[in-house]
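Structure first, then comments.
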Amino acid sequence: MEGIIALYIFMLAAFTGYEVISKVPVILHTPLMSGSNFIHGIVLVGAMVALGHAGSKLEMLFGFIAVILAAGNAAGGYVVTERMLEMFKPSDKKESK
Amino acid sequence: MDFMIKASYFIAAGLFIYGLKKMSSPASARDGIVWAGVGMILATLATFFHESIHGLTNYLLIIIAIAIGGYLAWTSGKKVAMTDMPQMVALYNGMGGGAAAAIAAVELIQRSGMNFTEQALAVVGGLIGTIAFSGSLIAYAKLQGIMRKTIRFPMQQLLNASAFIITVILGLVIAFSGTDYGLGILFIFFLLALVFGVMMTVPIGGADMPVVISLFNALTGLAVGFEGYVLDNPAMMIAGTVVGSAGFLLTQLMAKAMNRPISNVLFSNFGDATGKAQDVSGSMKEIEASDVSVMMAFAQKVVIVPGYGMAVAQAQHKIWELVKQLQERNVTVKFAIHPVAGRMPGHMNVLLAEAGVPYDIIYDLDEINEEFATTDVTLVIGANDVVNPAARTDPNSPIFGMPILNADKSKNIIVIKRGKGKGFSGIENHLFFADNTRMLYGDAQAVASELVSTVKEV
Amino acid sequence: MTLKVGVISETAEGERRVAIDPLVAKKFEKIGVSVLLEANAGKDAHFDDAMYADVEVIDSATKLSGQVDVLIKVQIPTVAEVDAMQNGSILIGTLLAHKYPDVVARLNEKKITSFAMELVPRIARAQSMDVLSSQAAVAGYKAAIMGADLAPGFFPMLTTAAGTIRPSKVIVIGVGVAGLQAIATAKRLGAIVEAYDVRPETKEQIESLGAKAIVLEISASGEGGYARELSDDERKQQQQELAEYIATADVLITTAAVPGRPAPKIIPEMTVDGMKSRAVIIDLAAESGGNCTLTQPGETMTHSNGVVIHAPLNVASQVPIHASEMYAKNIFNFLSPMIKEGELALDFDDEIIKTSLLTHEGEIKHEATRKQLEGEA
Amino acid sequence: MTLKVGVISETAEGERRVAIDPLVAKKFEKIGVSVLLEANAGKDAHFDDAMYADVEVIDSATKLSGQVDVLIKVQIPTVAEVDAMQNGSILIGTLLAHKYPDVVARLNEKKITSFAMELVPRIARAQSMDVLSSQAAVAGYKAAIMGADLAPGFFPMLTTAAGTIRPSKVIVIGVGVAGLQAIATAKRLGAIVEAYDVRPETKEQIESLGAKAIVLEISASGEGGYARELSDDERKQQQQELAEYIATADVLITTAAVPGRPAPKIIPEMTVDGMKSRAVIIDLAAESGGNCTLTQPGETMTHSNGVVIHAPLNVASQVPIHASEMYAKNIFNFLSPMIKEGELALDFDDEIIKTSLLTHEGEIKHEATRKQLEGEA
Amino acid sequence: MDFMIKASYFIAAGLFIYGLKKMSSPASARDGIVWAGVGMILATLATFFHESIHGLTNYLLIIIAIAIGGYLAWTSGKKVAMTDMPQMVALYNGMGGGAAAAIAAVELIQRSGMNFTEQALAVVGGLIGTIAFSGSLIAYAKLQGIMRKTIRFPMQQLLNASAFIITVILGLVIAFSGTDYGLGILFIFFLLALVFGVMMTVPIGGADMPVVISLFNALTGLAVGFEGYVLDNPAMMIAGTVVGSAGFLLTQLMAKAMNRPISNVLFSNFGDATGKAQDVSGSMKEIEASDVSVMMAFAQKVVIVPGYGMAVAQAQHKIWELVKQLQERNVTVKFAIHPVAGRMPGHMNVLLAEAGVPYDIIYDLDEINEEFATTDVTLVIGANDVVNPAARTDPNSPIFGMPILNADKSKNIIVIKRGKGKGFSGIENHLFFADNTRMLYGDAQAVASELVSTVKEV
Amino acid sequence: MEGIIALYIFMLAAFTGYEVISKVPVILHTPLMSGSNFIHGIVLVGAMVALGHAGSKLEMLFGFIAVILAAGNAAGGYVVTERMLEMFKPSDKKESK
């Protein structure tokens, strides 16, 4: 990919991340941290590719580690976030609008 | 096929952003994580068809690795106690950072025909990912209680800085040397990065850990974004960068909520809460309005003890507003009026009546004193002498023998006052130092407004 | 020659109000009307003659009445006072014609054009001339104050080192202008207030003051915002249902009235018997006979069980400053539209004038009064 | 034999309180003390004999006094009443010894142990026994109600079709317990309230009720929460500065007092001359001579310029129900710690007992009183 | 050089987003446009060095064209009256659409070696740009009063739809035919698009024009974004798309503020306000609490007119809280009490006193009636009869002759009430239909709380 | 540019535009419309390129028109927006915290 185009994407993505968070209430800080932790679990995709085209044993080793870690990131991130967000279940209590 | 994969990545990226957006509002947060999860599954499945994956071994390895990592993380995440969540986030985040670093390692070992930009970003991503990895693991260890000591020594910061600079120089060397670098230098580079991550984290105290974890989270995001560029994967680029930028903002917000600049958290070694809590004399522990709001909003029963400070601040209207909000959330709220609260007989009655508080939720000492034991949160607003346990326990106290409100018997006590001011009788109040007491400093009216607006957001 | 408006002292017993206050006097001067004032007419309302700027102060009421075009009074004048007036001049006041047929007869004889302020119709435009409303507001406020003063206990709740004092309960019966004001004032003082009226629309009004409405099964709304009279059976049922509530009251303020009729007897002796010994009844309806059968208008008596029944007359007069100010403003709002460039210009087709006109050019214009007088003759 | 506590009717003129109310009587019974009550002792406070459950009602005060261990009164007994008491028994009440030396002398002769409630020290633990506070709170409330009742105008602001009524201004001088309560009550009624006290810490207290503090250049805080007396010069300066504020008042409530001394004369005739003719002064300090030089304790008089000066005595007695309840509670809180298992056990080292003790075993224990009596002798 | 140009574009794109973000908050809006302007200048200057520009003639033409277009637009924009702003926006927007269309035309005429995607997007951008061009010009003409009639005839929508479909088919033909299309078909394509733009706009009434202009603005953005792809210019892509998406959202919000779905505006021919404004009956226009908050927060003077509805809702405490917030922002706030507001003399006084409103900001009719003319926002809370202008104007009205509060004289009037309920006297209130009146529906207490919390956020 | 990359950019930009606007108060509707109108004035850059590489007379004509129109869009859009936003001049009013 052309570097400048990547730059555009980085800029837009950064702006998007900033905007999405900027109005968040304090009680969501921790769940959001956890949620975004899950999202960078997409590194799994990269790890799969890296392991997938690994040639040498060393590469394979690192690739294997990468996938394990990445899978842990994704799976663990999801579970933990889901559990934290359980308390925001729409209950009988009135939602703040 | 290629198109389908790309399309899946595209959709996944969109879902991540959409999910994150939903997660930023309490009402939709739960949907958010589900949508993001859908994106993740889509992207992962699509990747199995990725052109650059070759060889059955590799496929097998991938599946095994996913199974191992996924299973362990999933089960551990499921059974961990709610109170241990922060360290789990640290752990999983460290894994993500490690994964990014490992990807960088693979690509750098493979010397897979990267152009300069790619190689440079691989190095940077590797560096950041490694730091996030080892740093997060230390954070995990500290919160989990595996590592109890906060290690500090003179010149520590200087040492850390040197380590960091050396690592960066090595990284530059690797980035600029095309394919000419040896495995050795690569090894040292990653090792140093690992060490630096540990070194920068060990001196930080437990209370500051959430901020640090958030920072590492942002770093992992960045690393993932950079490796995404290396692998020509826009979904990773976008997801990583979004998380990176959101994470930095979040770190800042969290530090601000603790009323400290980030630099202070990272470098001053000031926030050592572990050491503090063991101090026997007891100390007054501060709390944020927003946290008080959450406590009250999710409580069954809240008792409010107003005192002279509420009168001085003329906070009665705000307090009543707060109470109405809590009532709307089905919290039982009662006012406990001490016979001599304020400065004249019936001082509190006059003010509460002015604010429109109905008589039937106002209780006097005899009626309510039994109830404190079953109260989740007692909110003491500008009262002092009337909740001073010394009246029961300390025969030398000038107020000994005066009946007091047994606020100290309740599960949590929140005290609103401006500072360390004494009450009418001019004596210390041990209630303020109790384990289950938190101080919420500020003018009662201002603090009450803050509570009103933060309760709304819960 | 400019129009002359005159004000004389009120001679009725206990009357402390005056028909024009200094502010309104100035307003009259501004529209080119000269005001004549009997010396010390405003004294009881704390308006010294000196406070009336640019007003001609005249020693004798007779002298004054003889030279004004319009004589303004609070209460109906005596026959002697009417005699002192010019033939064909104008009289404005609260005339309560049915009570004083002789005065009306004399007014008619002298071809005086007289307006009874209490007859001003209750239409939106005439709200600012509505002396019934303005004086009732004063009375309602005062009733609550009297209640607080006569009660042997506190109104508000008070948590003190010497125990917690429970708030008093005030019940208001009849939620017209006076009743609402009494509710508001008692509430302010911290009492628990409940109120009852036969007209169902009062429920929302009571609640709009933060008080609790007592809802019985009986309704009696009539026309034009007034209540209609109840049948005997209805009245009995009302009394019984109410008695239960009233038994809990520390102060009972009654203001129920049906215009032109004696006040409904809502509180029979039996109900009073059921009340607490500490209770106090303020019967604002005393003027038209009282809502309580035991009421002796103008007196304060203690019932056998200790309940005090206070039945003051002319309550507005006990807050003479503001009652006078409001009355004067009502009069000004009534009279000023009739004055064009310093001259009187009466439009007898105007609804307000038509309805409030009592006598004019030797005729009694008010139906009920004419019938009453002719019946007599 | 159980301890016997007796309550007899108050005989002082206008006194409507009773020393024990039904609730406290029950509390006494609960701790094993039997209560004897003179028939109809609580009648004026609306406590019928029937409301006192389990109490022995006795027809004659003399008979009763002769058989109780502790006699409880609101005001000091007469010499005759003391005579009826058993030798060596206990008397509790507001004894104001310096005013009644003969009674004290007789108590001493009869070796009666007497406690003067007004001498109870103002320490935190004794707040619940503080009759000065509890009765002052009642008086402060009542003063504001009286002010509202006597004032010829409204307290609150009122925007009506007949013009806007401006709120009254109430000024409170002396911001102790009674003053604060008066401020709170007047504010509730919608008046604009300003207040003044020599003690600077009252500023914050005044503002804590939403009223405005008048700040002069003079301060006079003394020890123990009481005020010290001012020098002549200081007093003059105070008067002058205050007069300007007072000139704007519609109702002036004065409660300034210096314990054991005649009330400071803060309002000289000159100040009253400067007031509005409609103004009303409620001088709560009348008991100790009044804060206004024109005050005639117990009387209501009208000054030459129309200002009404109301100087009621024993105001708390005008709200007899709650004043009695609070007084009784105070007494109970005072007496019950001295009772261990139904027996009296006096600890004469206890600060409260020591300080409030007037006579004991034939000795006058209160310094000032002894000096006064010995000086006389 | 190429890098510098690209960097400039990158920075410009960033500045546009930043500027737009700033423009979305009242406090920073002015900075926003300046930053966006800086971006524009940077990008324009950089473009002079663009590699594909060749030939002196072309340079000269560029400079001349910029001078002409820039000068005319700048001067006309400077001197136009504030009230004529909307049509100027339409005009300039039309020019942008035209420019995008002209670019498409150039590229399509030149057949400059586009791949399929590029060619297709060139066509789509050309179509959209052309519609925005001619449509905007019509909108301009209507608002400017050049074109007064709203042309409507039977079967109009059918005709419009046919025209659109034919144009689209032509476009498809061009896009799919590689370089094989003739100039003729291109000409017809653009002509038809022009005509369609005119046709879809003529039936829409003047009152709906702002919504339509916003829609065209979004379309122009899209067209610019597409042409940006054709020219391989990410800055144009981003700026155009951002504007496109923002514009669509804005269109929706504007339509919602008028209480109508967009489809209704575009197709139903219902919203002909030119006709309507002459119609005496008018309509009630709703508004959101958050918008009222902004209005009040930035006002100099706000007058509050409470009525019986405030009493029924017991909203006095909330209202006073709102007022305190406004006062903190240095807004002058006064209460205007009508003599017969409520149901008893002094009804409002009692309530306001209960809430603690100090007397000195409470004014009665005589004192305040002159002031409405200089009032920015009059907030009518549950009052009806006391602000009914019929009392002044309609001799047949039962309240004719009653003095009223001249709320209608103020610049903006916001009326809080639950629905279409009448007042005590049971008559209609024309104030609610006035041009400068907006209705804020809901229970007065609930609405007031909403205002309190939204003012905080402004 | 690769189509899929363009799609990413379009998506991110669209999201950005949406987010930026989503919480805007009504009084800013018109100024924002005007401001975004100015921003698509960037079409000037494209018009310049189009005219710059125009070959035939016809192309030149359209290119010339494009630049005039685009310049008008940019210049006019700026002036008008600036004037509208004048009323939001920071006055002596306190900023919200």
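As written, the chain order gives the labels A, B, C, D, E and F, with residue 1 at the start of each chain.
Throughout what follows, a contact is a pair of C-beta atoms (placed from the backbone, for glycine too) under 8 Å apart; a residue touches a chain by one contact, two chains touch by 3 or more.
Everything numeric in this text was worked out from a predicted model, so none of it was measured.
Path length between subunit D and subunit E in the touching-chain graph (shortest route): 1.
Comparing the centres of all chains, each the average of its CA atoms, the largest separation from subunit A belongs to C. Ranking A-B and C-E by contacting C-beta pairs places A-B first. Looking at which positions face the partner, subunit A and subunit F present mostly the same ones, since more than half of the interface numbers are shared. Taking the mean of the C-alpha atoms as each chain's centre, subunit B and subunit C sit 68 Å apart. Subunit E has its Cα centroid 38 Å from the Cα centroid of subunit A. Averaging Cα coordinates per chain places subunit A and subunit F 33 Å apart.
Put simply, the C-alpha centre of subunit A and that of subunit C have 77 angstrom between them.
In subunit E, the positions touching at least two other chains are 17, 21, 234, 238, 314, 339-340, 345-346, 350, 353-354, 356, 456. In subunit F, 1, 5, 8-9, 12-13, 15-16, 19-20, 23 are the positions where the chain touches two or more neighbouring chains simultaneously. Looking at subunit C, residues 127-128, 133-134, 137, 156, 158, 160-163, 165, 188, 190, 210 sit in touch with two or more other chains. Under the touch rule stated earlier, the contacting chain pairs are A-B, A-E, A-F, B-C, B-D, B-E, B-F, C-D, C-E, D-E, E-F. The touching residues of subunit A, when paired with subunit F in their complex, are 1-2, 5, 8-9, 12-13, 15-16, 19-20, 23.
Taken in their complex, subunit B has these residues touching subunit E: 314, 317-318, 320-321, 354-356, 453, 456. Those residues of subunit C lying in contact with subunit B across their complex are 156-165, 167, 190, 192, 210. Across the complex, subunit C is touched by residues 16, 45-46, 48, 127-128, 130-131, 133-134, 137-138, 141, 145-146, 148-149, 151-154, 156, 158, 160-163, 165, 185, 188-190, 276-278, 306, 318-322, 325-327, 329-330, 333 of subunit D. Subunit E makes touch with subunit C in their complex at residues 308, 311-312, 314, 339-340, 342-347, 350-351, 353-354, 385, 391, 398-403, 425.
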